[in-house]
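For clarity, chains are labelled A, B, C and D in written order, and residue numbers in each chain start from 1.
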Amino acid sequence: MEGSSKGGVLSHLSLLEAKARSRKTQLHQIKELRDKVEALRIQRDQLRAEIETHKILQKVRASLDKKCTKGGEEEELQVKEGEKMNEDSEHSQLLRLMARHTQLKDLLHAHHIIGGYNITKTIQGRRVCASLATAYEGVYLETYNVEFDLKPTVRIRRHDVPPFIPVDSLAEQSNMQTDIRAFLDTLSKYLNGYAGRKQQLKLVKERHKSVEVMESNVLCSILVMLLTVPGERVTVLCTLKYTDHTRCLPTGVYVQCEADKELPDSPQWKNNCSLLMETPVHKALTIMRDRWIIA
Amino acid sequence: MAASFNRSGPSDLETSSVNDQSVSSRSSNRSVRVAEKERRKNEAEDPVVLALKYFNDVEAGTPVNGNDEVEKQLVLVEKVGYSRGLSPDAISVMLEFAMSLRMGTTLCPRVLKCLIPATTVPQEAVVRAVVWLGVGKIPATTQVLFVKWVLTVFDMIDEKDQLRAIYGFIFNFVTDENLCPFICHLLYLLTRKESVRVFRVRKLLELQSKLGRQPFLLHLLSLYKVFCPELVTLSIPSRMRSGFKNHTSPWKSALLFVQKRNGSQVSSNVSLAVTVKDKTSTRKRKHHHLELPKLSSVVNKPAQTETSSSRKLVPLTQLHSFAQLLENMHRIELPSQMGSLLGSSMALHYLDCVQDESALLRLNFWLGYSLHEEFLFCSDGGASQYSEEVLQFLNRLLSTQHFLQEGFSSSEAFLYKFLTVWDGALYRPEILGLLSNIPVIPSSQIGRLLFEPLMQLFFTSSLFFKCGLIECLNNMLLKWLTWHSVYALEDDLDISLHSHTSINMTLSGFKDSVMELVLFVGRLASVGLQLEGCHSVLLSFVLDFYETACDTFLKYGLPLVLLPPSGVFYPALLASDPVSVDRLAYIMYRYKANLTSAKNQEKVTEQAFHISRQTFREFNSYIAVMANYLWNSRVFHPGMGVQLEKELLLKSNVPEYWTSFDLIHHPAFMSYAIDFHRKCWPGRKDMDLNSIKLSKPWGWYLEYLFTQGFDGLKLFFQGNVRQQKAQGDGQGDSTPTQAR
Amino acid sequence: MGDSTKSLLQRIIRRIPSRAIESTLRKWGRLTAEQLQSIDFTQPKWTVTQELLDMCEEGNWTLKFITELEMSYIIDNPNQGMWYAYQLMNPEDDANSVELTQFKEQFKSHLKQLVRHISLKMKKHTDEAVWIRIAWGDRFFQPNHMKPTYAVHYLQTPYVFVTSLTSKHKPLFSQAMTLSTRYQAIKDANLSGRNLTAIRDLLMRQFQQAFPTKHPSPLAERNQTVSHPRIEKEQDGNAANRLELACEAFGGGTLPQLQSAVYKLETKFRDQTNKAMTEREESFKCIVKFASTNLLESLRHCASSGFASTPVTPLLSSISLKGKNYFVITDNSPGAASQPRRAQDK
Amino acid sequence: MSLLKPFSKLPGINSANILLVEFEETFQQSLADALVEETAVTVNVRLAKSLPLPKENEENRPRIDLVVFIINLTTELSFQSAEASLKCLDSGFFLGKVCFMVTNARNASVPTERLDSVRKLAASLHCPLLFAEDQTPAGVTNAAERLLTILKVTAGLVPMTTALYLSNLTRCTVPPDIDQPTFD
């Protein structure tokens, strides 16, 4: 039909347009790829250079550390350094400064690990945010944050500490205005204790399939387990109470057994109890299992 | 409801009582009954049958509470309803039972919910139910539920005539504000031209004043307006959204299930029912409009077309040949979804030859509405156009318009709106195609409706769009001129162009519009060429247009001649490709033919049109320029279109610059000249093109060019340039013959 | 009794969407395998209900079973009614050592003392939550199982979440709760919503909050858009800044789905253009309500995309900060007069 | 308030600089990506949420050849901020170096008045008003191409035309309301 052929012209035009576009983009892509290659080359060279400097840096750093351990002062150290490496001075100077910088950074990091608090200032120092890391047996667990308003008085603005840890009462007890540090210490004790207990519970559930956890709570301040004695099929109900929430060891261990009432008083179970009192529960259970006390 | 329970039928005797209730329809499908009887002879008793019997002749006032019987039976019926769907007669029975409130109002909704038709819904049942709606004291919610049900199964109702007959009765329910929206929808489906009455319009208007501009009222009113614009005066807002809500919720899943189950047997109904759902659940799904419902009607009982009672209507589906169409022309039943017409050529034939006002109106209404919904006011800003569906739809529309040789007024109205928000790329070919179909616009409107939006698009869009638009406008001009040549009546100059939209305009009006169009293209072309650096593709499209424009008088008998602006003329003349030059020559030749013949007619008849001197002067100067450039090598001659300072030309120190655009040195023809030179003087080492200028080789050269297929040049040459041998230097001097 | 059981069963089944019926029944575990087999769950719901009722007949299930069914269903999809949060105040020293069994019997006994006819049901969910179902009766009437109260409490936490608790029963419930959890007082936490987990997370700080730290924050990395060299962002800085502020105000990551926040203003009307209102003595009362499918998300987006001014006004930020979504604003609170009006026109 | 000036800096060789101002900062990104695809001319794109532009990158900012205000019709704010930003433009820009680009014009939820007010604004400033389909990739590329066509002219890369000349041809005009009942 005549009309349709006309439509053909129009659609053909669109087709041409599309083609033109695609060609343009192709060219564009090629160009881009070339640029990318160029960029990558440059980057590679940069990296190489960096490696070089880093090596030197390492050397300086090593000597620096030696000096520090020896307790030599900065000046004479520099002097020694100066005579040691006989390059143009300002270059070495720079290197030395960089080395020093890295050293200090490491110190800072170490401090964090030992248990300092990562404190950052926000909005022109009107607030600070302290983040408390928790760990148990060298495993890093959750990090909690507390944000303080500094002016007019130091007070907690917001935090993501779980509600069953009494942040506010702790804040009241410690006098934050003078030292936040003390407050943070106590708080972190609580948090670490909680994290530790939680971790223990997790481990118990993982490693001791035979042990049935009857009850626990969000705070992990109570743990009721059903232990089975391997030989004669008696089950022992063992309850751990953690009244001191800053610690991950129980404050009380209670053992019940329907089968024979005497069992808890038996010497063996007495020292089991003491074991549970002294060692973290999952370890204690492993020991007991190894001693064929429980399945 | 005759005693025919297909697929779950009881024996005749049980439903005898039913028969008494309606004798009317018994006749209507006796033949079916006979067949049914045979089948039922060897059919076991069916619990459902008993259930139906129970509901059929349970006497009024039977208590419901603690009546396990009812419960049991109803559960049976429901099981069937939800699983297989109910047979027509089962539906009649149950509907009757429910609406007559024989056992109070409590059971009504439950029964209605399970009325899932397996095949069709007998019209009588619905009519009776409607009557009950008037009589019984059915709680409002149940009433609404019922109407919803009717809407859902509307296209499964076997016939509509009786329903239409009680249009007035149904209309009365409009006053009930609970029912109003749904009744409006029902009326919307039933309305025909004759059912639009003044008092009804008045009623609706007064309702509107009471309830505010409710969409459902507006829809009905707009439909009325479509049928008789003279009755409805209020202006319908262009953006009516979410006219009728989705009513199918209670039945949707069940219907789908049933249809899936016995899809094979009643496919036509299924498809219809499904499309019906789409129709009602308008806003739920996008593009419901665009999926053309397949042309079908539930009335497919060929038995009845023979026993055609006078009022019997023949659905379009049953017509398969043009002959059938002819003999049934007087009693065609149009489908309830006009969109389906676009699908079948039969329907289009019908539309074309029968000047059926209402049919076209309905189609226009549907079309305009769907176009608006889908393109102008999309629910999500046109984010996810199912472009496949859309393209299909638009192309279908295009081909329809080509079939009918005219555009729909609704699509026209739509385009004017769409152009103002078009980004120039969305469905470009289709939109431009539609645009080229629009009928003549009065010159007063044309600028605002067409030119202003197109200008912006044209100058900000790519070369390809520019070409496309020129092409589109060329087609538009072609169509306009064709219509003119078809519909123009010599005696009085009044021509009705669009056979259906009654645009009657005087010849002068028409002329103005065409003039506007041609001038507009002139503007576009000259500036467009300038912007695109005289791109040859664009140039060729422009020349296409002028090939149409130059023949307005001779080919189409429109007394109008408009020359291209110099912005088009010179780029074509100085183009670097010979084809453009050649075509220009041809166009000028045609212009000459038109002008001269117009001249002659002016001489013989008084009432012929008058061409202004200006046009002649322009034309002559063009001719002169062409002759001087191509033949006489008199470039930049004083008193011609392009003039340059002599000093400047000398400064440019181009050797004999005046020859630089003759047929030898013209950038387009240089290669031919060289080729000719080789052929002419094979021996010669040194090439001297000027030697072609000598009269003899010049003649040969022209011959040579003409053999190369430059017919345009040939015609132009023969028409305009008469050679006169000047002695002395054998330089052929040619002067253009001026048309005076 | 049997009648009420059946009606209760019917009611419950009505509440359960038909696709969930089967799974719920399985979870319930009171039906034998063949019983479950016998029911065809594809057929309409009310027929299923009928069959269940028949089973109830022959198996003559006690009310207990049915309440179990309800409870298990509610626990699995609690987001039905409105949940209100209450906060327990000033704990006794042994509040932290309360354990489940003890809490259970304490609560029971306290409530029993207060009300004669009452039916209690407690269940510990896997996530340490204690679910309590209370059907209230009174001196003369049997407990009404049609509209029971549900309460959720995590031991050692000062929060209780309650749904459909009438004002008549509230004091009774509060008393029993405080006593059995070894606290001294209980107060409304001004937080409510349809989504239980959301308000729980909000109060228990179990959603990811954004804190300024030395370590590169995840969101800083997230909006690292690799940009073309020839595309330059003029106001690049403040976009990132806005996002950071927004996240600090409302938290990062996915936020609890809170539906609404209500501000009740009882402030002096301050607007120079409108003398008449400004001069009035008595304070200008109005209620501003924000509603959304996920309010915090939308607020955060508002702030990050610059629709709302940053830093975010304390009025908005304190939703997630204080874990409240109902505020009463009086004039003594700073800038209360200006901010609410901005809040209004957003 | 610092005015952004069109002629305070010298043009670069075979380069054109366009400034896209959009409140939502969503469409401008994709548009920019499409714009820099252009290879014939080096196109520099500057993105801004609103005017005035920050002082600090005053000196490294090239001369701006075309300022495009992207207005998303679904939000009133978008229009308002564009209106406010206009005040920070030197009048020199309005000699054909400003154009408006409207998105979501076909959205049902958009009140007609808003589109009309945008039209009025563009018409009163004699600026072209383009419509764009920001949802589909094809729409985005097309929009970018149209902007490029204008940009090339305004940057003086197209012989024999000027920004003013083009804007005379393409500038928006307020149409007298063609809101008759549409389907009859």
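The definition used in the following text is that contacts are C-beta pairs under 8 Å (C-beta built on N, C-alpha and C of every residue); 3 or more make two chains touch, one makes a residue touch a chain.
Because the structure is a prediction, the values reported are computed rather than measured.
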Winner on C-beta contact pairs when A-B is weighed against A-C: A-C
Chain closest to the assembly centre - both centres taken as Cα means: D
Centroid distance [mean C-alpha coordinates] between chain B and chain A, Å: 69
Mean-CA-position distance for chain C and chain A (Å): 32
Where chain A and chain D are represented by their mean Cα positions, the distance between them in whole Å: 50
Centroid distance [mean C-alpha coordinates] between chain C and chain B, Å: 56
Set of chain D residues in contact with two or more other chains: none
Sites on chain B at which at least two other chains make contact: 462
List of chain A residues in touch with chain C within their complex: 118, 120, 122, 129, 131, 145, 147, 157-164, 215-219, 221-222, 241, 243, 245
Sites on chain D touched by chain A in the complex: 37-39, 141
Of all residues in chain D, those that touch chain B in their complex: 74, 102-109, 112, 115, 128-133, 135-136, 138-139, 142-143, 145-146, 149-150, 153, 158-161, 166, 169-173, 175-176, 178-184
In the complex, chain B residues that touch chain C: 75, 78-79, 82
Complex contact set, residues of chain C against chain A: 96-97, 99-100, 128, 154-159, 203-206, 209, 211-215, 321
